[in-house]
Structures are given as structure tokens and as C-alpha cells.
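Letters A, B and C mark the chains as written, and numbering starts fresh at 1 in each.
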Amino acid sequence: MSVFDGLKFRRVYSPIHNLDPRIKFVYVCAIFAVAIVYWKLLPLAILFLIQVPFVILARVEREWIRSMRGAALLATIIFLTNFIFSFINAGYIVTASNLEYAIAMTLRFIVLIESFSVFFLTTSPDHLGLALEQTRVPFEFCFAFTTAVRFVPVLAEEAQTIMDAQKARGLELERGNFLKRIRNYIPILIPLIVSAIRRSLELAETMESRAWGATKNRTNLYTLKLHKGDLVLIAVTGLVLLTAIYVRVFLTIPSLNDLLGGFFYTARFLI
Amino acid sequence: MAIIETKNLTYIYPNRTAPSIKDVSIKIEKGEFTLITGPSGCGKTTLCRCFNGLIPHFYEGSIEGEVTAAGLKVIEHPICELAKHVGLVFQNPENQLFALSVEKDVAFGLENLGVPRDEMRKRVDWALNLTGIYDLRERAPYELSGGQQQRVAIASVLAMQPEVVVLDEPTSFLDPLGAKKIFEVIYDLNRKLEVTVVLVEHRLDLTAKYANHIIIMDSGKIVLDGEPRKILSSEEARLIGVGIPKPTRLYQILQKDGINLGSTIPLSSDEMAATLRRVLEANDRS
Amino acid sequence: MIEVKDVYFTYPNGVEALKGTSLTIKNGEFLALMGENGAGKTTLVKHFNGLLKPTRGNVLVDGVNTTKVSVAALARKVGFVFQNPDNQLFSETVEEEIAFALKNFGFKEKTIRKRVTWALNLLDLTQYRKTSPFMLSGGERKRVALASVLAWNPKILILDEPTIGQDYQQKEKLRQFILQMKAQRKTIIIVTHDVEFVAECKPRVLLMRQGKITADGEALEVLTNPEILTYTSIVPPQITQIFLQLSDLNLSEEVIDVYEAQKKLLNILEKRAK
């Protein structure tokens, strides 16, 4: 149920929620591009930190931490995989640069999760649907998307009712071996699917009765207009991209090794 | 001028052999509040779907006879055109709402028709106010009760400003108070805006008093068609098995016992109470 | 016997659906639970077969606390027919659908076959034995759902909104059916909005509002009390409404039935004629 909770309509007002989803998406893609371009630890860490203010402004800290925690398992796998392979490649020795590489790859993954998570946490489904419509995605797809989201809580509740109804006829979902348990879900799945098909038929009848297909030039009650906040975000995105390209092309980034080495060197010097 | 008219209408669903409606000829005049009723399976739902073109265009199957709505021959015009003149509200409120906000749902038909935004905004607000749900306009359908959802469905039909609104058992899933509210909204539409209303219902005790035309069907055929008071107090109606309003039934049996209750047949508890009051007070005086 | 002892129930989303309800239902009683949507009626009956367990308080079925047994064990005694039959139909034939619960409860093959035939007969479904339940009409599917619950012969039968979408004749058949079950000494509980149906059945009536029981008595008593009905957002039966409007004429208002009304009025008019 907690997955569905995330998709249930929750109205939060924050400057980030009000930003145009199209601009937010461009921003997220820019972060994605920049993250791919670098494989050194320092710039990736900076990228990770840049997004934290967004999370705070949007007041979605709790949910964000939850999605980060969800990514932890995969992140650990990525780290271990990268580390082990570079360990083997280097001839079974641990070097600072191998370690840094593994951490950097993991961080790249985390940056991606972070930015997409911020995007979905701060964009309500109807806002997203509207953005899809205005970017000239064929209306059938936008409609399918928003209608699906609209029915998620309905289906979740129906699934619960079906489970109750079958439990009341003696169905025991927790008992039996693995195979039996899967078979026990048939009396849950079939009514759910049949109901979904019936529902689709009724929805189709209603769509037709509300003049679906009357004209190819569909209009929209709402319209997305860019305002100040969006322009700021466009500027920030541009800045990030340009800085990233400049630094990548013209500067060399110190590796952690160098930084730390420098530190140790300085420390040794001091001693 | 009949706003909906059928002549010898017969229809068979695809993959079936027996017709669901047989030789149906009816006339519904502009401005009427028509009640269509009959036992389950009598064909009333099938008949409704002939009024806006779902039959034959969506359901296909085989159709004979004529059906005209708002001057258009239904067989010759697509549903998207007929929808501008005949609105259809269905039984299940949940499956008539697609959008994530009430006002977007109400605007759905207008968006499909390509109505410009300013005009759309005006019509949406108008429809929301008529159905008493203006305050709910930004809510999501999941947050609404069944009665509220059904009012959204009615508003979304009204926004298209059809001449006729057909409602197929709209209160089946609602509690009695929710149902009462819906009927009041519909009655208002009929009286104040002169929208022709065609209501398919079982609950005659709540709805008979609003109607000025009643059609009773059985096994796909029209059995009774005419003025509600006469028809609902007839023995034939009782034998078909429709739910005669209790006040009407009381009137019937008292008349049979020889009590003269006057010639106006009551369709509601208010009317029957008034009739009884008259008789009892007259009795007192004598 | 079902005992509800000061039960409180809060849903996981924080909604407190039952606020201290207490109630005893004896074997063989016929009871109607009424109230508007959200009053807690379905929440309450779901405690009787263990689908829900109280947050506070106890529910005992035949002396056994519902938290100590599984839903399947309680279901043996308490048959629950849900409002929408499509929430349970999944088998290839009506026969299999009816046999489902019997298999779950571990009945023997021979017994299953006997019981299925019995249930099919009882609900006039024998002709549909080998038909797919999905091919049947709405009313027929409702009967299949009912048959599939009756098949294991539970002592207690709960019907959730059994009259929704039914026409007058179907409701009459349902009423006759309930009387039949009553004659077999089953305990019958219906959750419903349908005041006219309750007026015809004349069970013990319980009214609920916002998680509390606000009235408990015979149908004739409860359905003719305008204050308690308004408080619970219930409209009195049509016949009662007539008499309530004539209250100033000193006619007794305790009528819910057309034929009772007929008798009463004939009496009054004869008396006055003298």
C-alpha cells in the first residue's frame, strides 16, 4: 500500500511544486548529462549537493530520504561490482584511484536517483499530464497516463475488498508452500482483471458520450505558462551546463587522491 | 415537436439471437420529464443507448426501425455529434470520471469539442454552480462521495448544453439522501432550464412525483405509455411487477374498499396525506 | 451468539470508524443495520467474521474471541455475502464457484457434490450449473454469490446491501428467501439503506451514526420515530411519512406497512361514520 500512497493525490504548495514540469524535466536531463560526463569524485559530489536545496525548498525531505534509502541496496551493489573489478584489473591491490573510481560510479547512480526522485516528488500527476499534453504528446497517451493514475487508489481499494471477500470464503493466503501460495492468488487476480475490463467498457461508453473524437484540435481548460520561477530554473540549468562543459574541457579536476595526498603531504610537512 | 422519437425500433446485440428491444415506438416531447421503468432485463438500458447513438455505433449489432433525436437520425450521425444534443449519465459514478480534478472532468466534453478556453471556463463554472459543486471544483474524484461524483458526471453532461439529458439508474449506488439530492437537481434542470429529462429508474416512490410522462417496458416491449397517475394506479402496472409507490398502492386498496378519496391519484406521501386530510376533515364535519 | 463489547476501531489511515459500540445478537435473530455512508455499519459487521479486529474492546462469536481464531475458522460459522458479486466470481463454471469455499473448508468430494446441487436448487440456478458465471446477468451473479456462501451452511448470514440494483420483484424474492433462512433458524444480519425493504421485512433495527449505535429496537418502533431517524439521516418509510404529516389529527403514527395503514384507516373511518 505504501507504493500507492506515493501516487495518491497530496497537495503541497512550494515554489518547486509550482514550477513548470517541462522545465524541471529539462533540468533533470541536464543533471543526467553532466553526471555522465564526469567520472571524478569531486564534481559528482558537487552535483549531489546542488540538489539538496531543492529538496529542502520543496519540503519533501522525508519522502526523499525514503527513496534514497530504497536506492541504498542497489548503490552498494554498484560500489562492490566496480570496486571488485578494478581491484582485479589492478592486479589485486587496493589503490586510492580504484577506490575513488568505485565511489564516483556509485555517486553517479545516486545523483541520478536523487534528481529523478525530486522530479517525481514535486510534480503532481495532473501537472505532469498537462505538461505531456502541451508538449504535443498525442492526446491518447496523456489521457491513458492520467486516467491510470486516477484509478490507482480505486484499484488498490478493490484489491483489498476482493481479498476480504475471498478470505471470507475460507481462502488462506498465508498458508502453504510457494507454489500453493501463487495459486491462491488466482481468486484475487481474476476478479480484479475482470473488473478492470468491465470498468474500461464503462469508461469507453462515457468517453464516447462526451463527444470523444469530435475534433482533432482538442482544447484544454488549463494552460501551462512560464513565470519567474521557471526562468530562474532555466538560468540555473544553463549555468550548470556551461560550467560543467567549461570545467571538463579546460580544467583538470584534482582527484581525491591528489587532494588527500596534498593533505597528507601538508600534514607530514607540518609534523 | 417530439425531441426523441422511435418507430418500430428493434435491436439485437452482437452474438445474441433474441432482440433486446422489439418494435418500440415512443415519442418524447420537448420539455418533458419522462420516467422509463420496468423489471430488470426489460430493455430500458438498451433503449437509452439508442438515444445518443451508442447503439448502433458503439455496440454494433443489428438494428431495425427508426430513431430520431433532436431532429437527427441516430443511425446516420456519429456519437460525437449526437452527444452535443443528447447527454447520457450512467449508473456507476466512479467510471464516468477520468481526470484528477472535478473541473477538468466537467470540461472533458468541451475539450473534446474544441471549445475555446474562455467559453469553456464560463460553461464549466455555470455547470458546477447548477449542480451545487462549485466548492469541490479542485478536488480529486477519489476524495468525493458517490453522490458528489454523480453530480460531477451530471455537470460534465450539462456543460455541453444538450437539449436532452438521459439518466440510466443514476442513483443505484447512492444512499437515499444522495439519491434525493440528485433527483432535486434533475427536476430543477427540467423546470428551470426546460431541459428534457429521460430518467430510467426503479425507485418510483422517489421519482414518480416529478414525471409528466411514464413508459413501462417488459421483455423488450413497451407495455404502458402515458400519464403517470393513471398508469401507476392501474392493475396492469401492478401485475408487471414495477414498484408502485406505496402511497399510490394505499390509495388503490382503499378505493377498492369503497372509500372515496377523490379522483386525483397521489404519487407521493405528501399528496396522499393531503388527500386523507381532506377526507378525514370532511368526515369530521359530517 | 455474537457479542460486541465496547468496541473501538481505527483504520490504518487514522479514521476512527467505531467509537465504543456494544451489542448482543442472539441465535436466530433477524437484524437490519442502517445508517448513512461512513456511519460504520460495514466496519462493524466485518468484525463478526474476523476480517477486522478491534483496536479496543472485544468481539466474541459463540464465546470465542475473534482475535484468537483465523478468518477462515470464523467464516465456517459466519457467511458474509459482499455487496458486489463481481468481487468474488472467478471460476470457470457456476458449479466450481459454489464448490470453492467447500474445498477451502476441507469438505469431502461426495459432500461437496451434494451441497452444490442443494445450493443450485435453492437459488434456482440448476440450469446454469455448467455456465460461466461471467455470462450471467447481474441479478443471476448475485444469486451465484449467495449460493456460494450458503453452500457451507453457515449459522450466521451477513448480507451487505443486498437490494442495490434490484427491481421490485427481485426484492420480493429476496425477502421471501430471508424468511426461509429465518425458518431454518439462521441468524441473519443485513446492512442496508433501503428503508422500504426493512419496513417490509420488519426485523430488529439498529441505527448507526459516526461510529456509534443510536437506536436499537423493533422496526415498527424505530422506523416511526422521526427525531432519531433525522439524527441518523434516514428518511422514514413512505407510509410512515403520510401518518407523520397527519399527526395533528391524532392518528397513531406507528405504521410502516401498507396493509396495516389500510386497516387503521378503515377502522377510523368506520368509527367516525357511526
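Heads up, the rule we're going with is that a contact is a pair of C-beta atoms (placed from the backbone, for glycine too) under 8 Å apart; a residue touches a chain by one contact, two chains touch by 3 or more.
For clarity, every value in this text was computed on a predicted model and none was experimentally measured.
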Arrangement of touching chains [line / ring / star / complete / other]: complete
Far-end chain from subunit B, centres as C-alpha averages: A
Contact-richer chain pair [B-C vs A-C]: B-C
Centre distance in Å when subunit A and subunit C are each reduced to the mean of their C-alpha atoms: 47
Mean-CA-position distance for subunit C and subunit B (Å): 29
Subunit C contact footprint on subunit B (complex, rising order): 38-41, 91, 145-146, 169, 172-173, 175-178, 180, 202, 205, 241-243, 245-247, 249-250, 253-254, 257, 259, 268-270, 272-273, 276-277, 279-280, 283-284
Contact footprint of subunit A on subunit C as seen in their complex: 12, 46, 49, 51, 70-72, 75-76, 78-80, 82, 84, 86-90, 100-101, 104-105, 134, 148-149, 152
Partner subunit C, residues of subunit A touching it in the complex: 1, 158, 161-162, 164-172, 186-187, 190-191, 194-195, 198
Touch list for subunit B against partner subunit A, complex: 52, 54, 57-58, 79-81, 83-84, 87-88, 90, 92, 94-101, 103-104, 107-117, 120-121, 124, 140-143, 153, 156-157, 160
Subunit B contact footprint on subunit A (complex, rising order): 8-9, 124-126, 129, 143, 146-147, 149-150, 153-154, 199, 202-215, 217-223
